[in-house]
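Notes for the one structure printed next.
Which chain is which? They are A, B, C, D and E, in the order written, and residues in each are numbered from 1.
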Amino acid sequence: MFDFSVVSSWIHQFLTSVMPEGLAIFLECLVVGVCILAAYAVIAMILIYMERKICAWFQCRIGPDRVGKFGLLQLFADVIKMLIKEIVELKNTDKFLHALAPYIVILSSILAFACLPINKGMEILDFNIGVVFLVAVSSLGVIGILLAGWSSNSKYTMIGAMRSGAQIISYELSIGMCLLAVAIFTGTLQFSEIVAFQADGWLIFKGHIPAVIAFIVYLIAGNAETNRGPFDMPEAESELTAGYHTEYSGMHFGFFYLSEYLNMFIIAGVAATIFLGGWMPLHISGLEGFNAIMDYIPGFVWFFGKAFFVVFLLMWMRWTFVRLRIDQLLKFEWKILLPIGLFNLVLMILVVVFKLHF
Amino acid sequence: MNNFCKYFDSFFRGLKTLLVGLKTTIKVFFRKKITEKYPENRATLKISDRFRGTLTMPHDENNQHNCVACGLCQNACPNGTITVHFETVENEEGKKTKVLTNYEYDLGTCIFCQLCVNACPHNAITFENSFEHAVFNREKLVKKLNRDGSTVVNKK
Amino acid sequence: MGLKKPKIKSIKYEEFQDNESLEKMAAELNANGANVILGAVDDVINWGRANSPWSLTFATSCCGIEFMAIGAARYDMARFGFEVTRPSPRQADLIMVCGTITHRMAPVLKRLYDQMAEPKYVVAVGGCAVGGGPFTKSYHVVQGVDKIIPVDVYLPGCPPRPEAFLYSMMQLQRKIKLQKFLGGVNRKEKKQK
Amino acid sequence: MNFILLITAVLTAFALVFAAYWIAKLLSPRSYNPQKGEVYECGIPTRGKSWMQFRVGYYLFAVLFLIFDVETVFLFPWAVVVRDLGVDAIISVLFFFIVLVGGLAYAWKKGALTWD
Amino acid sequence: MDLKKRILEIAPETQFVEQGDIKAIVPSSSFYALAKKLKEDEDTSFDFLLSLTGMDFGDSLGVIYHLESTKYGHTCVLQTSTTNRENPELYSVCDLWKTANFNEREVYDFFGIRFINHPDMRRLFLRDEWNGYPFRKDYDMDSNPLNMTNEVTEDKTTELTIDAEGNVIEKENTLFDDKEYVINIGPQHPSTHGVLRFRTSLQGEIIKKIEPYCGYIHRGIEKMNENLTYPQTLALTDRLDYLSAHQNRHALCMLIEKALGVEIPERVQYIRTIMDELQRIDSHILFYSCLAMDMGAITPFTYGFRDREMILDIFEQTTGGRLIQNYNVVGGVQADIHPDFVNSVKKFIPYFRNILKEYHDIFTGNVIVHQRLKGVGVLSKEDAISFGTTGGTGRASGWACDTRKRKPYAMYDKVDFKEIVYTEGDSFARYMVRMDEMLESMKIIEQLIDNIPEGAYQVKMKPIIKVPEGSYFTSVESSRGEFGVFLESKGDKYPYRLKYRSTGLPLVAAVDTITKGGKIADLIAIGGTLDYVIPDIDR
């Protein structure tokens, strides 16, 4: 497996050899920042294009096909348009918080995004408490949403924000349970080590029943956490017009739009990392030839393949189901998902302690 | 205990219905799409002959139409879409007849109720199934249906 | 340099209706001469704007059903990139006025239009919005939305068929492509002291 | 190095929003009218204030969440070592876990999880 | 039982007019007592106020009531009037029939008749500051230029009551007090199905009270009709409830034909019936689609529209219109059916039977849908009758109110079909009624499609139609309830007053009752299942 850290350390050595270390680090950070931005933007575009096409196919239509070949340029058009759209100045709002909200939303999603290990040695933020860090930063987003809804001083945004707050914090718990189960199984909180742990088999195979349950619960809770259907309560177009971002226009709205998709990718990426082995190729013990071929496929291809597969699952759910009502949504979390999560945790402990896994 | 069973029962039942839903959508996902590609298929697009897109006044190869400017269509129209402009001329026999100068038709307010066509005793006007009428300027929708220099067909 | 002729896939420029108005508009815009560099940037921006007009979900009557029909499978406005309809005027680029505007609705429509972010467009769909339609003699109907808000494209029909909707959207695209974005599209109303 | 990268990521996020915002500000056309800045409420001027006291139902969930989330955070360090400690580890947090589950069961029974 | 005698017993001054439908003219002083008697007496029990029409008779202003008994099926028409044009006052019957509440407000709006004991005497369709009453014959059409100022919504309303001395006094009622959290849902809102406006008082997510505001698409069709010839009035019926265009037009054609005494060829009856049923399927598919969309599922919405297009193709082939067909004319239909018509209908029906299963798979069976619709928004049978919510909504509450069975017209007495009645009265029942009705409609079409007799598709009518003097009422079962047309003719070529019984107004009037205690999301789901079309409400 190709280790990306070879490249990064080579660059580091090269840079320190020609310039002072401070400057080198600064340059590296600049490159990293640009890379994050580029990856962020590209993935967002892929996701939005994918969503449009997939939703079209689910709905018996063909989706964008007139802007560029197969509608591939559609997203560029959207971005250009959104970028030059006026940002409406509102009266009677809390201006500071209103402007702050998009920063927080984007900050939360970029930080979480930076946690994802894309390839071997290609993780930007790799803390030893990575899982906890991820939970922490991703729940920052809810603050942005609450601020957005509250500061807009509109009744729709207010209700949307409240709903969103209740929803996200509730589903946070189920996500916590799933991550806890994973932590118990792998014995580490660092993403790179979680991936390394799965070298001889993805967690979903190794951990069999509890892992599968955790995976499914994680998908559902993650879907809810990103405010996507059938849990798109805060936006709930048919009820609250556009929910908490009703009053946001132009690029301000674009950030919420962007972060929604990126959050979906983060959920999918984390699911791929902790349950489906991240960048680890598919290995079947015994089939050496097969494994060797699998090893030739670069790690990031594996990672993105898995992540987009999970994204597809999420979209499939989104475009099939009816939206829940807010009280049903909370009921579902507290009365179904959370008990399952707790039960699964116990199951996982038993499996781990009595070494019942593969 | 009964409650407990009910809880699980409803849970699994619910799960099943959700899976049925997912199955249905994935089937459609791989089905042939029915979208009609409008501007690309302009050449082959078939629109029902009876579709009412705009009022027209058919002219024959001699640039002649059937309208005698009687104004029945104008009276039949519920909202004043049609204005028949005519002038009265004397023909060779000294009989005064109306001659159509401008058959003004406002596509913008037309409601395609077909009362004008029903009212016309000479079949001078008819509905046509074209639909590409969007314009930038309101005045463009007020149309003159008779062509320049056209005359009325001589009825023997 | 001749006048710019906005291109639309699959339909030739000459086959469109009402090229005269378009050319007149182009001539007015180009009266002060065109800047080549700005022109190129403009082209890119206008391409983006023309291909991504998101409409406000605004339907008052019959035409609204046909508007829903173009969103659905058979006509699929998503192909053009129009499929995102935003219920909030802040995020919408155009209003498709689908249906009759009555006296009671008129201030509401005006308010919605005012609250939209620039650049914004209006398509008057159907007889009622174009000129009162069947209700020209009614005491409670606005005789055409151009009495209240500026209209960019008029689409006659009662109601127009879905293809006609798409056609009107292409007309709007042509108009957008012709405009000078950096020359201040839509900057009409000035701040009041 | 990790912390430098963390700061980089934070700055990147801010830079993205900031840059995009100013591009929009500089390029976008603008218009002014008295109704523009007002609150959108389906095209009707709004009545009264929007900031108001909100339903207690949400508050309850927030409190419940707080309790559970803090407890989950306590479980994380334990989770990492449970594999090595084996059965001892289970017994040691069993009490803690029972309280957690008992809390949920109690809240459930009390009807705190349903709101009408 | 002799109704005439019965009425005379209670109100001896009553006169009877026998031009067209028999009409009892009751003096305003004894009207309320008579109405109360007729409603409450066991042997009359007129519990359903079918229609309430305001009238300007020239010298006097009055109201015409069409009553019906759901128990016995008999009907009667009452009329009462006041000669005081300056300050007309009549007694309200809104405590007897809940539907009278909105209908009386409508009459107040159009004619300026104030109803004593009505709790909420505000305008219904027009703005509060509107000058004059447009449906009066002496109304000046130019007296209300376009007013572009934002509407000010009053929270107060007046009620007229009678004090101990018998004087009329004004009382002020409060709709919403200052402390309430009132949010506007509509007029521009993705799920009010048009431009309906609900002022909703919320407590958190719970709805405390809803006040519907209509009139955002009030186009004055009824007033316009007074200046149009009969064939011209037909054009406007399609625009009322555009999803029942055929049926609406059918009703008006039937009314004029009945008044003129024209015999309609059997072929026309077949065609009209088939078209009505196709239209019903079309409308119910749209109902399904919109409900799905309101509840946040876009995919079923597109499925519905996909299949609806097939019906529209059939329509377009024969009638030349997709949504608005202009097909029925007085004395027949506009054009003969297209040669392919029978074939395409026969192709469509088996296809749709099949695809309907898919609808049930993705939407009906879904557990979330059950959760959101079952037990939500219950409307009791009594309320349904009192509000006059005919159509699917009434039948979901256990009220067998299908006009096709009650007062058969066209071919409906010769075909075999079942009236779908559910008893739960909740949103899910309302939804299922429509889904099942589609199957029944297909059954009806199948019975007719092969047997369309040869013959003329139109009876030649005189170019100018004059309806003999009198008042007439006909109703058909439109896609969303009993659509009635009331015509008062003076023997002219223009109708003197043409009133449409809106199918949607009772539904909107009932929204407050149905949603009480529900959540915002429930309001949307209930609105979806009630299936109103706003232009039909506002007219």
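Observations, loosely collected:
Heads up, the rule we're going with is that a residue touches a chain if its C-beta (ideal position, glycine included) is under 8 Å from a C-beta of that chain, and two chains touch if they have at least 3 such contacts.
Here the structure is a predicted model, which means the values were calculated and not measured.
Path length between chain B and chain E in the touching-chain graph (shortest route): 1. Contact tally for C-E versus A-E: the pair with more C-beta pairs in contact is C-E.
Using the mean of the Cα atoms as each chain's centre, the chain most removed from chain C is D.
With each centre defined as the average position of its C-alpha atoms, the distance from chain D to chain E rounds to 47 Å.
Note: centroid distance chain A to chain D, computed from Cα atoms, is 15 Å.
In whole angstrom, the spacing between the mean C-alpha positions of chain C and chain D is 40. For chain A, residues touching at least two other chains, in rising order: 56, 58-62, 65, 84-88, 155-156, 237, 241, 246-247, 250, 319-321, 327. The residues of chain D that reach two or more other chains are 27-31, 35-36, 38, 40-46, 52, 54-55, 57-58, 116, listed in rising order. Residues of chain B in contact with at least two other chains: 18, 21, 24-25, 28, 33-35, 37, 51, 78, 111-113. Applying the touch definition to all chain combinations yields A-B, A-C, A-D, A-E, B-C, B-E, C-D, C-E, D-E. Contact residues on chain A toward chain C in their complex (touch as defined above): 52, 56, 59-67, 71, 73-74, 76-82, 84-88, 237, 241-242, 245-250, 253. Taken together, the chain B residues at the contact with chain A in this complex read 11, 18, 21-22, 24-26, 28-29, 31, 33-35, 37.
Across the interface of their complex, chain C is touched by residues 33-40, 42, 45, 47, 51, 53-54, 78-80, 106-113, 131-138, 140-141 of chain B.
Chain D makes touch with chain C in their complex at residues 27-36, 38, 40, 42-45. Within the complex, the chain C residues that touch chain D are 88-90, 108-112, 114-115, 117-119, 181-182, 184-192.
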